[in-house]
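Next come two complexes, and both contain subunit A; in the first it sits with subunit B, in the second with subunit C.
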Partner chain A sequence: MDTDRYLEPDTAPTQLTQEYLMEESLEPGLHSTSPWRDSFRRFLRDKRAVGALVLLAIFILASLFLLPIYEHIGPVISERHGFVHIGPAKYHSPTYVDNLVENAPASSLHWLGTNYAGQDIFARLLAGIQVSLFVAVIVVGVMDVGLGIIFGVLAGYYGGILDTLLARFTDLIFAFPGLLFAVLVTGLFRQAALDRFGNDGPLYLVAITLGLTIWPQMARYVRGQTLSLKEQQFIEASRTIGTSSNQIILRHILPNILSLIFVAATLDISGTIINEGVLSLIGLGVQAPGSSLGLMIQESLANIPYFPMEAILPSLTLTIIVLAFSFIGDGLRDAFDPRSKD
Partner chain B sequence: MLRFFLRRLIGLLFVVIGVTFVTYAMGYLAPNQDPIAALLGQHNTPQAYATLKHEYGLDKPWYIQYGTFLLNLAHGNLGLSYRYPGQSVNDFIGPAIAISIQLGLSALILALVLGIPSGIIAALRANTWVDTSLMSVMLFFYAVPAFVIIPFYQVLIDILVANNLPTLPVQGWSEGLTYKIVPVVILALTSMGYFARISRTVMLEVLRQDYVRTARSKGLSERRVIYLHAFRNALLPLLSVIGPSLAFLVSGAFVIEDLFNIPGVGGAAIQAVANRDWPVLQGTVVVLAVAVVIMNIVVDILYSVADPRIRIQ
Partner chain C sequence: MTDLLTVRDLHTTFHTRAGDVPAVNGVSFTMREGETLGIVGESGSGKSVTALSIMRLLPTPPAEITGQEVLFAGQDLLEMSQDQLRALRGNKMAMIFQDPMTSLNPVFKVGFQIAESVRMHMNLGPRDSWNRAVEMLDKVGIPNAARRANDYPHEFSGGMRQRVMIAIALSCNPSLLIADEPTTALDVTIQAQILELMRALSKEFQTAVMLITHDLGVIAGMAQQVLVMYAGRLVEATDTRTLFAKPAHPYTQALLHSIPRMDDAQNERLQPITGQPPDLLKMPVGCSFAPRCPKAQARCQRETPPLVEVGAGQRAACFFPY
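Take a look at the complex of A and B:
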């Protein structure tokens, strides 16, 4: 008798649902808002985070769209007694070296002046932001979040050998504090990367190395969250009615940890951009004449007494980017979990 | 207590083996390098090549090489330099260790001394202008890396010099105490921001506890409540975040030792990369990793002394 009731539900709940829906439609002002919408609203109230987001958006758009435009602005100029004619596509290129205009001040030709090798600083700043963003996307967007979610959720949900392997690998990576592993690997394989992939090789190497060291921490975090979610009643209920593990992971676990991953990833971006800067600064990252904010700082240090702006501009740009990601990360955390604020 | 200590020591052993193995494997796998040919230069004859290769042990299979490396390491010998014939890695790293320890420990202590009180003050004045401004400054130092602060500092020094104002030196370490101030302060900034942010969170957590309410309700003065009941309990979890914060010090040390010309371990590592002197690079990696693990063990032991509950786990 009892089983029949489960197979053929009586009509009462359906009626109730209909009544409920009618009530909803009668009073549109009483719609309950989704948690994501609530968080979004809370985020918008955080002036510091919204300001950082706007500033960051300007930087990103400028680096992506202003650089190609900048390479078309400016007259064709004659150099070396009129033997050489170059257009803005050349002298506004972030990599073009011109010994005739070393350390030039800001002018209509070079908006922020040129550096020790006569390269246009404005173009190099924009290209440097591109490099920071590229590293952030590959390291955090692809490796940190991608591998972190896959291995973290699987290890947390299924446990077993995958969990053990993840734990051991994490221990191994954690044994190298800070940038140690990245310094080792980029130092040893830098020449090979240069030979194989040309001037951009070291950048790829830096991205892969930083990604390799960053994801285990995310995976461990995701694993912990998955473990605690797995014990919750709604997951148990879902399993009782025969939902497959795939469905539970995709429909119940992932949506519930996504906001936490979002916050952690935003904060990881700051660290990753800093680490790329450090590696470029100590000569293990981007190769000159390529551009990176860290490399620009390194190149400018010797000339600080004479051309302080060459050091201040990339430092300031990096400071703003890193702080912006930190503010956004803090804002997101407060928005997703208002209790964490104090 | 002894069992706890032994367990941590065995953990240290595994870390050393893991770190040395990865370090060794990376050096073994790294392409286009023939240290022997580079060392011999124009004196490269097949005879000399074979002799030197044997001397460096590179004619043996990799597991023998790694075994020898571990065995030498157990004796405190990190191997031979690829760049400077006749010099051992110890010659490079030995003097550097003392300097790096001095730099790292001073920075850590400074970060603790400045960071924890700021966090606690912010927590006691939570959501006032004191809290907001203090935490904004700390977030700035936590988020902005040392290598960005150094250029600003150097610009400042140039302005001071131009106006005949007293300055602090920008290069060097062993020349005197004044040379040490700036590197230590800049290295401490990131950790200071970190400690301040954590201490604020911890202190707020403690202030919400029942025993604080009890202390208040039995009529203790606010000062006694804070110093005797809240502060001491807040210090405990702070001990446990010292370990993770050491990574900041190591990363910072590379930049600061490089830019301030400090002959420490981080500076030696960067020099080794420039010289393609892989044994020295491997040596620095092993030394830094082991140093951090030892610091972690020291912190753990301090923690277990301060909070006996931890030993049972």
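Take a look at the complex of A and C:
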């Protein structure tokens, strides 16, 4: 293969042609036979998305490993006139309530201060990130996107009974205003979840319930996109070369809606994290002294005029997480849509 | 030359809420290997449905395809399972469509899309099928094929995309290519190029082409045999020369009068065909062209004329031909 042709005068040596040159010399032809790899490369080229991904990874690692370390940092202190001696394992625990140090400012003891119940805010942030990301991943990553794609694509592509079922279920969910459905279900089954799965039970319940309420909308959206895609000529054209329905769904429908799904999913993530907070606040989510970003925000609202930091810290963390997800979503969208500018 | 495709008494009916639409109504014809067969007729006459029925690409329901047989290379397509058909499509028979702008998947490189067909049917690895894709792109006249294979559909013009579609269609060397108005969406100069390309490649690959078009000029330049369709029926079937020299059916004659001709005297006006084609839901008894036919007589309103031999190699469905 001659590489000179890329240096023809009419082909200005843009970044693109240089890249061809580079790749050509690496492994002629082979590199570009996989669209997934093409998408992956486009994603890696998006600095913002990669940065956001790294940031999220740091957040996750911090919430997993920094918290246990933090619980070992600090002196043993005496409380209640020297009767009680406690170490950092206690007062740096995200759940330890100490009503003697309510709303304390940041100090060497409590790095980011304490909240209205005397709980260490830094510890609660770390624990909260974990919970919120867990909920976001289960609700949006698994249920919203997973069920949304499966039911949406199948209903849109095949129609029939599945389509009717989806429509009825969606109507059912939409019939409840706002969080009412989630409140009802989590309220009803909270005790059962506690009995069955212990302290984490309610969190699983919340995640599943929120997921249950969110995916029909995604499925509806995906269904609509599938319906309009199905009518496109290239679907019929692919049939004429012997592509089966399964392959059409996997190779033609999915790749064409992925970019839209990513954007829709990023929007759902922030809402989900907030909703989890609302449920936690009314006692249906995270078990009592536990923590989540949404809960921290909800708890701080009453004291905002006096202790604004207690609202700002979790809000800022949440904002960063949501922004990171949206950058990643944008990056994924562009990665799967070659028409977007590189 | 041997027979490649024999269609006998093909019927395609759409069962709709408004009633049954007999879109193809007893069509019979034969195509020989390597031959180009033109199908002409007004919009809605059933040309596309005929093609799609042969490839069995219509969703059933609402469509229902029946017929005596559709023999393709000795096998009856009407008897085949979907799996068997899929193995044929893209491999032994292929199709290209009118609108090249939407015929390609926007998210995949064109090289990949050509390679996909090759991979499915020719048992080649990713690398070999990619090379085959580049080779095909080169064959359909895309400059810098090796580089262009890495481009996405939106980076190609309409004419270029139709070339890519042709590359996909011919990539497995099919014996039948169905082209449904392949140039209607393109401007005139590009049309000529694409037709020329199709003619050259069908010759090189020995591919029979079923060319569906509105344009009798295209027929004149490309086809050896012609079918004229009207309201789901064949009204005339003959070779191209006879069609222009001695059209038998009044509808064919009217079609020829409705297009401008170079050799016509300036003062001869074009004669549009008056009236509308019949509503397929309420087909009249008798000849479906009778309401618009200048030669119609009482018999035409009562009986449906069968497609019979009216001359050497010329069949027409008319009681009063010529």
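General remarks:
The working rule: the second predicted complex is superposed on the first by the 195 of 342 C-alpha atoms of A that agree within 3 Å, B and C clash if a C-alpha of one lies under 4 Å from a C-alpha of the other, contacts with A are read in each partner's own complex, and residues count from 1 in each chain.
Operating definition for what follows: a contact is a pair of C-beta atoms (placed from the backbone, for glycine too) under 8 Å apart; a residue touches a chain by one contact, two chains touch by 3 or more.
Quantities reported herein were computed from a predicted structural model and do not represent experimental measurements.
Look at A:L180: by the touch rule set out above, it reaches subunit B but stays clear of subunit C.
More residues of subunit A are touched by B (comparison of subunit B with subunit C).
In the superposed model, A:H252 lies in contact with subunit C only, and not with subunit B.
In the superposition on chain A, A:I328 makes contact with neither subunit B nor subunit C. In the superposition on chain A, A:Q232 makes contact with subunit C only, while subunit B stays out of contact range. Of the two partner chains placed around the shared chain by superposition, neither subunit B nor subunit C is touched by A:V206.
When the two complexes are overlaid on their common chain A, residue A:Q191 makes contact with subunit B while staying clear of subunit C. Once chain A of one complex is fitted onto chain A of the other, the partner contacts of A:L125 are absent, as it touches neither subunit B nor subunit C.
By the touch criterion defined above, A:S34 lies against subunit C but remains apart from subunit B after alignment on the C-alpha atoms of chain A. Subunit B makes touch with subunit A in their complex at residues 14-15, 18-19, 22-23, 26-27, 30-33, 126-127, 139-140, 142-145, 147-148, 150-152, 154-155, 158, 204, 246-252, 254-255, 258-259, 269-270, 272-274, 276, 278, 281-282, 285, 288-289, 292-293. If you check the complex, the residues on subunit A that touch subunit B are 171-172, 175-181, 183-185, 187-192, 195, 270, 274-275, 277-278, 281-284, 294, 297, 300-301, 304-305, 308, 311-312, 315, 318-319, 322-323, 326-327, 330, 342.
Only residues 55, 57, 85-91, 94-97, 99, 102-109, 111-112, 115-117, 120-121, 126-127, 129-131, 134, 144, 146-147, 149-150, 152, 154, 165, 168-169 of subunit C touch subunit A when the two sit together in their complex. Across the complex, subunit A meets subunit C through its residues 1, 5-6, 20, 29-30, 32-35, 38, 232-234, 236-244, 251-252, 255-256, 336-339.
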